[in-house]
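Structure first, commentary second.
Labels run A, B, C and D following the written order; every chain starts at residue 1.
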Amino acid sequence: MAELTGGHLVARTLKQAGVGHVFTLCGGHILPIYDGCITEGVDVVDMRHEQAAAHAGDAYARLTRNIGVAVVTAGPGVTDAVTGVANAFSARSPLLLIGGAAPLGLRGLGSLQEVEQVDLLKPITKGSWTVSEARQIPEVLTTAIRTALTGRPGPVFVEIPVDLLMTMVEDRFAPIPSGYVHRRPVSPDPDSVQALADLFTGAERPVIMAGSGVYWDDAAADLAAFAEAAGLPVFMNGAGRGCLPTAHPLAFAQARGAALGQADFTLVLGTPLDFRLGYGRPPSFAEHARVAMVDCDPVELGRNRPLELGLTSHIGLTLRQVRDALPKGLAQRFESWRQALRKKESDGQDKLGQWLDPGPFGCLGVGPSFAIAAKLVAPSQRVLLIAGDGAFGLNGMEVETAVRFKLPMTVVIGNDGGWGQIRNPQLSFFGAERAVATSLPFTRFDQMVEALGGRGMHVTEPRQLRPALEKAMGSGEVYCLNVVLDPAAYRRGGQVSMAI
Amino acid sequence: MAELTGGHLVARTLKQAGVGHVFTLCGGHILPIYDGCITEGVDVVDMRHEQAAAHAGDAYARLTRNIGVAVVTAGPGVTDAVTGVANAFSARSPLLLIGGAAPLGLRGLGSLQEVEQVDLLKPITKGSWTVSEARQIPEVLTTAIRTALTGRPGPVFVEIPVDLLMTMVEDRFAPIPSGYVHRRPVSPDPDSVQALADLFTGAERPVIMAGSGVYWDDAAADLAAFAEAAGLPVFMNGAGRGCLPTAHPLAFAQARGAALGQADFTLVLGTPLDFRLGYGRPPSFAEHARVAMVDCDPVELGRNRPLELGLTSHIGLTLRQVRDALPKGLAQRFESWRQALRKKESDGQDKLGQWLDPGPFGCLGVGPSFAIAAKLVAPSQRVLLIAGDGAFGLNGMEVETAVRFKLPMTVVIGNDGGWGQIRNPQLSFFGAERAVATSLPFTRFDQMVEALGGRGMHVTEPRQLRPALEKAMGSGEVYCLNVVLDPAAYRRGGQVSMAI
Amino acid sequence: MAELTGGHLVARTLKQAGVGHVFTLCGGHILPIYDGCITEGVDVVDMRHEQAAAHAGDAYARLTRNIGVAVVTAGPGVTDAVTGVANAFSARSPLLLIGGAAPLGLRGLGSLQEVEQVDLLKPITKGSWTVSEARQIPEVLTTAIRTALTGRPGPVFVEIPVDLLMTMVEDRFAPIPSGYVHRRPVSPDPDSVQALADLFTGAERPVIMAGSGVYWDDAAADLAAFAEAAGLPVFMNGAGRGCLPTAHPLAFAQARGAALGQADFTLVLGTPLDFRLGYGRPPSFAEHARVAMVDCDPVELGRNRPLELGLTSHIGLTLRQVRDALPKGLAQRFESWRQALRKKESDGQDKLGQWLDPGPFGCLGVGPSFAIAAKLVAPSQRVLLIAGDGAFGLNGMEVETAVRFKLPMTVVIGNDGGWGQIRNPQLSFFGAERAVATSLPFTRFDQMVEALGGRGMHVTEPRQLRPALEKAMGSGEVYCLNVVLDPAAYRRGGQVSMAI
Amino acid sequence: MAELTGGHLVARTLKQAGVGHVFTLCGGHILPIYDGCITEGVDVVDMRHEQAAAHAGDAYARLTRNIGVAVVTAGPGVTDAVTGVANAFSARSPLLLIGGAAPLGLRGLGSLQEVEQVDLLKPITKGSWTVSEARQIPEVLTTAIRTALTGRPGPVFVEIPVDLLMTMVEDRFAPIPSGYVHRRPVSPDPDSVQALADLFTGAERPVIMAGSGVYWDDAAADLAAFAEAAGLPVFMNGAGRGCLPTAHPLAFAQARGAALGQADFTLVLGTPLDFRLGYGRPPSFAEHARVAMVDCDPVELGRNRPLELGLTSHIGLTLRQVRDALPKGLAQRFESWRQALRKKESDGQDKLGQWLDPGPFGCLGVGPSFAIAAKLVAPSQRVLLIAGDGAFGLNGMEVETAVRFKLPMTVVIGNDGGWGQIRNPQLSFFGAERAVATSLPFTRFDQMVEALGGRGMHVTEPRQLRPALEKAMGSGEVYCLNVVLDPAAYRRGGQVSMAI
């Protein structure tokens, strides 16, 4: 029998859930959690803004396919993390945000940093809870973790009043649950397997659109095997990018518009028919094309477009079973279709490998946090962060965190002296003399990074770029390449064409 | 008859409401608002993070005692602003946050940056609305403005789908309302005036505790006159600080604990009995002391402590009427009480003048935004920003905004290489070897500010400080003094004692 | 020193707040409250549906101008009360709904009748709370009561977990607050008084529109005196009806359309410019008429129409002060205006006395509850309930409650064998052959009431009505007159014209 | 090409979804829906309270395993339906509530029955939407239907402003979606099948606890075959009751306490480990028992107790696959275990057949609505409603609806002159002299039903009951047997023992 603080109960529950790092910014309401983390051997990574901590927890979840955790203090700590949670919600990332809170015993009196945190987080989480007795901490946290990880994954929030974090509890009254998350894969029923095989058999121009679900189901190998068996062109978006190596003969990218627009059958795997796919509607998808979909969220099946077949089964299991049901020699049939698409692919395609992007929330400023989490999870890998000058301004201060934790990375800033993606349509619609709020100076981020303890280089000529990159990536330091771009290039119909 | 875009309707409504500047960060969903602002002559101040834009709108509201406005794009734009809104909510500041939104015509399909913004903002605003027809824009905005400004002031949120911002509307179908905000001051009834006068007459050790409401009611002169008439010691907190000049013989500060603890009658003006006043309970307030209160929010009257009298009337009008009801010669009676308190005041008291602090939300990182807004509202005044090194990291990037808009200010960073306010209790409770997440390097913010286009100086010796300040404040530039402090000083029971 | 259960704390707090009756329907989660009520001498009135209990609490609040209370059990008890709360919200009635709740110690496990009650009630209350420690019960309840009674009044909700209701607490740790509600009337400032007087002086055709706020401010006598001093025609709606006796020479009713449409100045007292007043817009109000308004809710001042003047002051105090500022002989000036309006008044006007109607929510079925509350509050008064046959079906079972509590009343059902108010427009729009869902049989409610222990009479001829009424009202029993109406009369352009 | 009203679009969408009846109470905001229903051939069943309409829609959903629909008017119509929705939420029933709403064009002005309906319904639904353009009606409704039917089923809410219901839309701009609900069953992966088989093989005292999920997955036959193959005792709760005929040798009921308490392995099918199963904890479940669970909601898997295995697969498919994996002769092994349990079963067990109960919300008053829906769905079946006298009072008026729609049924009221289930613990805890609010008169519901057009009989002697039942069930009428019970019987430790 032992007595633990509520903070220690938090740490022990996280440890048992397989959490190795928590991301945070300090505050008086959460100190007992830190103390528990030291005892339990959970690393505490303190960042410079709670938004950055939440983004890092999100990335950690994506990279480990397990719960990612950010711990923030009450009030402004929680509100600062809101964007990180919202981004995780859009990206279906199982982030657990733990928030400090005003003491339960003073609730309603107007204590410091008291705000309706649980309600605030509800619209952007799968669940949002407060804890009302210290002994319930493990139970509430594991409920939150299970909620985050199962079904359609997504973020959750748990608020713990500071007096409960400081309360001592006998461990037998607050056992750490086990066996509380069940993510066994499920298969389609035999009829569906056959129906899906028949859809391929009956098609002339089939394609596969693979999204983040393929990554979450760890189904990249199954996807490759399936595509190869049937000779199917594969397009990838979101975290699905990288499922097939870009050099794979069935991996396509630039031909996407033509492929989806002309396909008579598209199998969509693990990505909704949202704005990124033109809502699955013409002109993005042909009007009479057949569409089938596999996704963990049944509410996405049939949204925006009728489906021939919608399945909530595991993507890998599904592809394996359908592959067995395909007729022999199917791949040959699609030869000319593949060739037609291959012609649309440009030569100089991007070579994407392991890749993290913000997700469909379109959230700028996630970069430094994502890079920090990636380096922590995979210390032996090289980490490259690419950001615009506008976006880097949002959370660029986190370079200091990377330096402090000795997490070498290369930060390439494409600096066009403005918010180019917004400025360009603004110029078109409203004209140059009415284009306010989108110009920036060509900030010397290289110098700023040096001030924060890293290294920087000002890259003003294309020929400087390759050696600069080599130097940065070999340096073992946090290195910023501040690459000056021509803001007018895009608008001249030209192309940013520094040869890397 | 003319046709206007929805964006133009926004700008015209703001113009008529007396708004001179809007704070923003660009995004595709809000460009038509910028265009309208150019036409209507509303200045657009683009910052580097939406949080900073919201903080600036909050400060603008406080400084003008009118609506302050931040305009942010959909999704991450809105979520980034959440902390700014929450801070304004705690501080009762009438901030209007206007958020872009996914097109109404695509609602529910999964378009870019679609999120439940209206629900998200509800717990931290007085009201949160979406607009469903372009012609309703002026009506919804003015409803929001009225809600923000009346009763207990506070922030509001209006979401406008981008398709409505681009819709053309005939102006006669969307008239800009007038006469829609009514903030006439109200007086107490005669019985209450007499009752309040009697409370002073019957007291032996009365004090006045003046908070932000005195500022919002513009009642500083009335307060001074009242205090002088009755010889009452006055304490000030929040935006009430500065209502009496610090040199005023009735202005007290350091004696607050003794005064509230020994007073037999306290009149609380425009501030709740929250954590800052020990909830109005012992030991902060004497158990049997009488307390009366004037506050615009009747829900605060009687919260945490019984009141002899609670009034929702205008503070200035109330003090004027009660002054007339006081007996002659009252001031003399309290002479010894005033002297006893005066002895508790230290000599080297702070000389506070016009002052902005974050408010009761305890929100770090508001500084650069508040300084920017202050300089815009009062260009001829010198602006001094004081921040810790931790806090400055949150939104320090906004120095670039100040430089870009040519808003000279002096930024003094008290750099103790850590989060001292948290680290010190942590060291006491948990010991040095368990104090994680609260140490920082002594960042060269002076260099960072120079990278962002300002000037910086590294101040390492107390004797450097005064000349550095003089240089900075005279420079006409954005100037950062990075003042290195001894992190152990506080814990040695000592005192940070650079002589300014 | 004594120990009390949480339930007893509830009762003691209510007793101190002046609550004489609570309305309820039993349930296991709230039994300790009943027990406390017996000890404290608070009468428990158990009804047959929680909706009816909430309506009765609403009526009790209106009739006493103090808090009204309904106590309901967890889960379905709370959801059943929702309509009663929503109706009180629209009518600005300070109803306190106390809900039982699943034990705190089992929260989140899936216990009986666990549902998110606090969130559910938020959109229809001024505040919604849960209690997390037994000792906080008095504090939370008094916070709720203060919130309900001050500013714009309205309903509140407090949820108390059953384990807390059964917990024993030493009374010194849970003192019952006093001095926690402050509703001192406030006056306009002198400038506003003069401005309002000037508006009358400058008018040629002024009117007063008096609403429920006049009743809530207990300002009927002030209104009469003011109207008489200035010779102003007065119209009344909502709970304002009855402020002036219908026989008063300045009380008007049928001429309302003409008066508001032709007035050049209208003073609106204590009622919003909502659908009942045509939103204060043409054609209901003349386009160029001046309008001023006095209302406790500043958010209503300027809504839908510009105001010359908007005041949040007490209606009675305001009228008294403005009366003193009016020029002599003003009444004479409006003589011909009054005569013109008088001609529009029909002779057979309704003689309304003390009156309760559902309020602007348009909620059917409130009748039996309102009648029960009225008889409890004013046992010596005769209570007459008038209902349609559709509406009576909603909560007609409450006749049993009236019988059980020996509360004699007369229930007149205007039985047109259908939902006439809906059926008539339906017939016009869609035709008789498509008019579904609006016909009912001519139910023998008189027999139903007899089955429930009351008395009933079937009234089929107009001449039967007067003697039936006399018999019923003199009987000292719960008496139902089931009056058969001709459903086609209304549509024939005719009029229901039973002479009472 | 044709033009349809928004109301017609509603009806057409419902028709295509397979909806045969909608339950309603009339109101001006929803008339166009009725008109569409007539055209499309959807029957409109108008009831006497919206709560009753929602309960009927819930029952319709349960009985058809498809969407059930209630249509209610704005404001009080929606609030009146709240309990019905909350009950469906607890019972996982896919009810679609369609609410009228104030006109979009008047939103925010204070129009009749305007209330925040969408927010109000959020805590008790899977989704809650408003419609902002008439052409979006089919899309929003089908999104709602998909949400209700997939994953863990549950209720949804859609609000449609009345002006949109009246708007004419060309049908090509508002196509009725097809292929938008996908509920293909999913199987476990092979490893899980084996793991589950092994759990049975390794057990000595296994049991199956079958809940509502078995009914929803239409898996009764699979359950019987599985139980027979392995010789497993089966217990049933909720809608699972009746999955095995009560005469089946493996169907158990009274021995439940012993079985769950002694079992070393329990397979829980389609029911959460909530209060009905003692949270899956001791003493209800043995401390070291193994537990596995199959449920459509992964958030229930591991809640309250660790599971050896948790599956979200289809119950029928799962049982079929596991059955194939069981070793031969397993059934024999459990022979003595089955016999031991059989001894605990009393002889006079209930003979349950097709059964509807309120579900875990513990909601009284659902009976008449459930009976009405049952008779509509299965007109040739006899319908028997059993209610207490307290519960019948809540919605007893619906007898009139049954009469009006010619839906014969037998209503047996067990009339103990009080709220026995509450009164009995109250008497124990507080004593007879403090037992308020739980006594009722022995109301003559038989007479009340006759007043409403049905037939009634007062049953005061046990010997009257059987002939009364025979008469009622053979009568072809709505027949109420008001059976007087001895309220003290229960407390005497006796038993209500009328022999039916």
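The working rule: a residue touches a chain if its C-beta (ideal position, glycine included) is under 8 Å from a C-beta of that chain, and two chains touch if they have at least 3 such contacts.
Source: prediction; values computed, not measured.
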Check: Can you spot which of B-C, C-D or A-D is a repeat of the A-B interface, where more than half the contact pairs line up?
Finding: C-D
Check: Which one of the chains is farthest from subunit D, going by Cα centres?
Finding: B
Notebook entry, point to check: Using CA atom averages as chain centres, what separation in Å is found between subunit B and subunit C?
Noted result: 40
Notebook entry, point to check: If you average the CA atoms of subunit A and of subunit C, how far apart do the two points sit, in angstrom?
Noted result: 53
Next item on the list: Compute the distance, rounded to whole Å, between the mean C-alpha positions of subunit C and subunit D.
Entry: 36
Notebook entry, point to check: Listing for subunit C: what residues touch at least two other chains?
Noted result: 119, 143, 303
Checklist line | Residue ranges of subunit C touching subunit A (in the complex, touch as defined) | finding: 104-105, 107-108, 119, 129, 132-133, 136, 139-140, 143
Check: Can you name the residues of subunit D that touch subunit C in the complex?
Finding: 24-28, 31, 34-35, 37-38, 44, 46, 48-49, 51, 75-76, 79-80, 82-83, 86-87, 89-90, 106, 109-113, 115-116, 119-120, 122-124, 272-275, 279, 303-304, 360-365, 393-394, 396-397, 400, 403-404, 419, 421-423, 425-426, 429-430, 434, 436-438, 440-441, 443-445, 447-448, 450-453
Notebook entry, point to check: So in the complex, which bits of subunit D are touching subunit A?
Noted result: 142-143, 146-147, 150-151, 177-189, 191-192, 297-299, 301-303, 306-314, 317
